[in-house]
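There are structures below to look over.
The following pair of complexes shares a single chain, subunit A, combined with subunit B in the former and subunit C in the latter.
So, the complex of A and B:
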């Protein structure tokens, strides 16, 4: 019984996907909302990566869009410059696409390591400054590379990501982050967040765990970027400026930085809300901003307030964990 | 948790809104209504509103002998590629529009264009000057001219009218428009027999100090200085160039074409010339009629954004009438056959779906723009 329950979220996601596709076939759900859903899932992935760095490890990274752009551009290079995607036989496409997504994640992870290794040895706000600078430098570098379009933008990337692919990668991310948090790595990260000095005294290699969490967060952002590149089919360096990084921070804190559910719900609601408010025309971003302000005033712990969806906590820990999280954020 | 479900429920009801009457013509308009480019969106809207008032004062359109109600659906794109893709999807899937007008910039048009192309919905974009935009496919048109044309127009002006043989360039290498104009100016100028002796670049629109670049330019033997940058940067540059003792003639592109430039350059713009789609002093009757109508409506002179969106709407409106149906392919064919006398000249599309239309050269005199000459393609 326990085994089946363990896999319930996977089934749930699969059923969700099938329902979406069925509704689309029947004409109830338009491609428009499926596309918004795809963006929500991608933003959710990036926010989950950020949650690992900011929420669990207690570091402050504000350059997540930089990692998204590394992933997006590297995967675009694989599908357009290394392989001529459109001339590939149909059976080769999924492999090249997976390779591109993997390349996005790996290159972004390497960047994460290169950035994190020197700056995470320090305590305090240095990481915030370094990550912010990283994102901006990256934008300047991309503009100088004519092969990826420079300031004119990277065109003709195959639009190959479908809802199916994105759901699969989203599920993998959730699974990865959940298990990471509830493993010894995650516990070490939480101890660093609570008190770095104390955890060092207890024999935890704080730099190592911080860098590790940072690299995982960057890799997830890179994978999300790769998926994004193949949804849009076009990339522009200004798409990934610091304003975009702030968006991800807002998703995380509005959703509730104390729980994975917060990261997911925040990214979903705040991606869907501006689209749902389209009927307000010129007022939509005003209302969107107002909603954010009111929420932070009346619910500073975020939409989820540190509570976790039950399936995001491994079975043996259910109950105890949520109570602990509640008392901590309460 | 219950509150969360409630919130999702409310969201869900919004999603279901939007059922339309069957017999009407819907045109989608995608503009930056909020965000950093909101000013351009506002200028575009004035042009669209004026065209609407002239062509369809009763909000109807003649389609195949039947008078149908006309409905414009405005969508904000915040000047962001992803949001533009969402806006296009919404207009195509949910509103089922016949044609889309906009967006206003190249990066947003490049992200959203393929969606319209694969759905078979014709698009007339307003101000994306990147040649790649219409190469997306045969459903994508534009109302403006492209960077290569403008760059070469200014090169010819510098070579033939200013008699310059050596040119200096100061450009923003973080801006595609600036980079494109620089490239094509250089190509044409050197083809004509001139030489670009010095090229100075700066990285991004947040740079405020250009003295290092101007010192190098001053030390060169250039006879003209080309600055194809946005109005804000150019305003500062004109001021600093004159302060640094540079007396060369200054020339630029249609990034300068806004009344806000002189408030920044503060007198330093005197004698500077640039190319743009339209001058309000242009002497054709169409142009004069448009300027009069615009002045009466907004008590202001129209800038390029206003003219181009006026023309984009006129092209679309006439094409739907000519097609006599709301079928995407027949509207596209009608747009491709466009031959209209509009404020900036007689407009026809070439096989790349770029308009064949003239550029005008305008010069700043006494804080105002004055018409110099028209350059035909």
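So, the complex of A and C:
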């Protein structure tokens, strides 16, 4: 029984994907909305990575767009500069694409380590500022590399990401983050969030867990960036400025930073909302700003308010200890 | 040497503007621990206020800069009262997200008003341009002199206000310990409003001085200016007034010199220096290290 329940969300996502494709074939859903959906899934992934850093570990990173750009650019390098994607045989493309996505994740993860290692000694706002500055430095570096277009932008990246690929990676991310949170790593991170000093006295290597969460968050953002690069086909350093980073932050806190569902719901609603308001032309951003302020005033816990979708909470492991612990706590 | 002096003049000219804007960040942060993301937009509002007072009323530099200081200042009090005050006892991140929302609103609302709109406007020439030669080819012009003089006057006034008046003492007390200050009979809400007022007024003045130097203004001009000023505030030690000034000046000078070396380098250089400073001296150049309470 538990097994089936565990796989229900995967199955649901699969059905959702089939319905979307079917609707598109029938002409009910335009490619435009399909693309908006892809952006929501990608933003959802990035926000989940941020949730791990900000929501679970209690650090305050506002440079997430920097990691997205690292992933996007390094995957673009793999598909355009290392391999000539369009001249590859059809059976080779998925492998090269996967390689590109992996490269995006790995390079971004390495960057995450290089930044996290020295800067996670800082706390609160200072960490926020370092991550923000880091994102801006990356942008300045990208502008100085002519091979990836520099300030003109990186063109002719194959538009290979499809909804199918993105759904698969999204599902993997949700799975990864969920299991991470409910593992001993996740519990260590939560204890750091609640009280860093106390968890250190309990023998938790706080620096190690903070850096680890930071690297996982960065890797997820990098993978999302790789997918994004192959949706857009064009990258520009200014796409990843600090305003973009605050977007992810807003997704997370507007959705509710107390739960994974918050990250996902926030990213979806706030990606779709500006698109749905497009008929208002420039007023949509005015409304977006106002809505954000009003929501924080009247519902500061976010849309989800810390509640979790049931499928995001793993079933208790079948073990005598767990059951005992459960019955003890009522 | 000539080139060095010339670049130094440009750097100081830019630096004093950063310093003026950075002061608002640092004061608000010092008093309520909020990174006021909307602060950069007061720069833009100040520049536009000056633009309209000059174009509609035909006044000179001094009335224009006065108007450009007053209007954003009043607006910032209003914003503090409506958007930030109700969240003061909530987690700090709520206030931060609210500040982002306010900033999005302030950037996009003027864009939609027909007489402002999204286009660049040419800022009127308020100070007649003249060059004075200092040393060989190095020159200083009237706008640079105005910028440096006006900022110095404002700065001296601010230091006088903070160090020598009753309001200033109350501000320092609230920044040090809000609850204790309230117990001593300081009206904390009023002091916070005054802090916002002064911060936004300085930002408005900064906006006018910036527009004198680079006379194209648009609704998004405050975003980058605000970010850099914020970085300058952190660089000097956020919460510290002399720190903001030092940070602003250094930031301006470093940026100008880096741009002179390679044009794409200018933007990133300030951030590199910032990271180095934060890694080796986390509280900034002149900031006090926060105490860890156990």
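Here is the rule we go by: the second predicted complex is superposed on the first by the 312 of 330 C-alpha atoms of A that agree within 3 Å, B and C clash if a C-alpha of one lies under 4 Å from a C-alpha of the other, contacts with A are read in each partner's own complex, and residues count from 1 in each chain.
Following the convention adopted for this analysis, a residue touches a chain if its C-beta (ideal position, glycine included) is under 8 Å from a C-beta of that chain, and two chains touch if they have at least 3 such contacts.
Model, not experiment: these values are computed from the prediction.
Upon superposition of the two complexes on subunit A, a steric clash is found between subunit B and subunit C.
In the superposition on chain A, A:282 makes contact with both subunit B and subunit C. In the overlay built on the shared chain, the residue A:125 is in contact with subunit C alone; subunit B does not reach it.
In the superposition on chain A, A:303 makes contact with subunit B only, while subunit C stays out of contact range. Shared-chain residue A:202: touches no atom of subunit B or subunit C.
Of the two partner chains placed around the shared chain by superposition, subunit C is the only one that A:293 touches, whereas subunit B remains out of contact.
Contact with both subunit B and subunit C is seen for A:140 once the two complexes are overlaid on the shared chain. By the touch criterion defined above, A:18 lies against neither subunit B nor subunit C after alignment on the C-alpha atoms of chain A.
Look at A:246: by the touch rule set out above, it reaches subunit C but stays clear of subunit B. When the shared chain is aligned, no partner comes close enough to touch A:81: not subunit B, not subunit C. Under the contact criterion defined above, the residues of subunit A that touch both subunit B in one complex and subunit C in the other are 140, 143-144, 150-151, 282, 285. Interface of subunit C with subunit A (complex): residues 29, 33, 35, 37, 83, 86-87, 90-91, 93-95, 97-98, 100-109, 111-112, 118, 223, 227, 231, 234, 238, 262, 264-265, 267-269, 271-272, 274-275, 278-279, 282-283, 290, 292, 294. On the side of subunit B, the complex with subunit A involves touching residues 1, 4, 7, 11, 14-15, 17-18, 33-34, 74-76, 78, 80-83, 85-86, 89-90, 92-94, 106-107, 110-111, 114, 130, 132, 173-176, 179-180, 203-204.
Residues of subunit A that touch subunit B in their complex: 30-33, 35-36, 39, 140, 143-144, 150-153, 155, 159, 228, 232-239, 265, 269, 272-279, 281-282, 284-285, 303-304, 307. Those residues of subunit A lying in contact with subunit C across their complex are 60, 118-119, 121-123, 125-126, 128-130, 133-134, 136-137, 139-141, 143-144, 150-151, 197, 242-243, 246, 249-250, 253-254, 257, 282-283, 285-286, 288-293, 296-297, 300.
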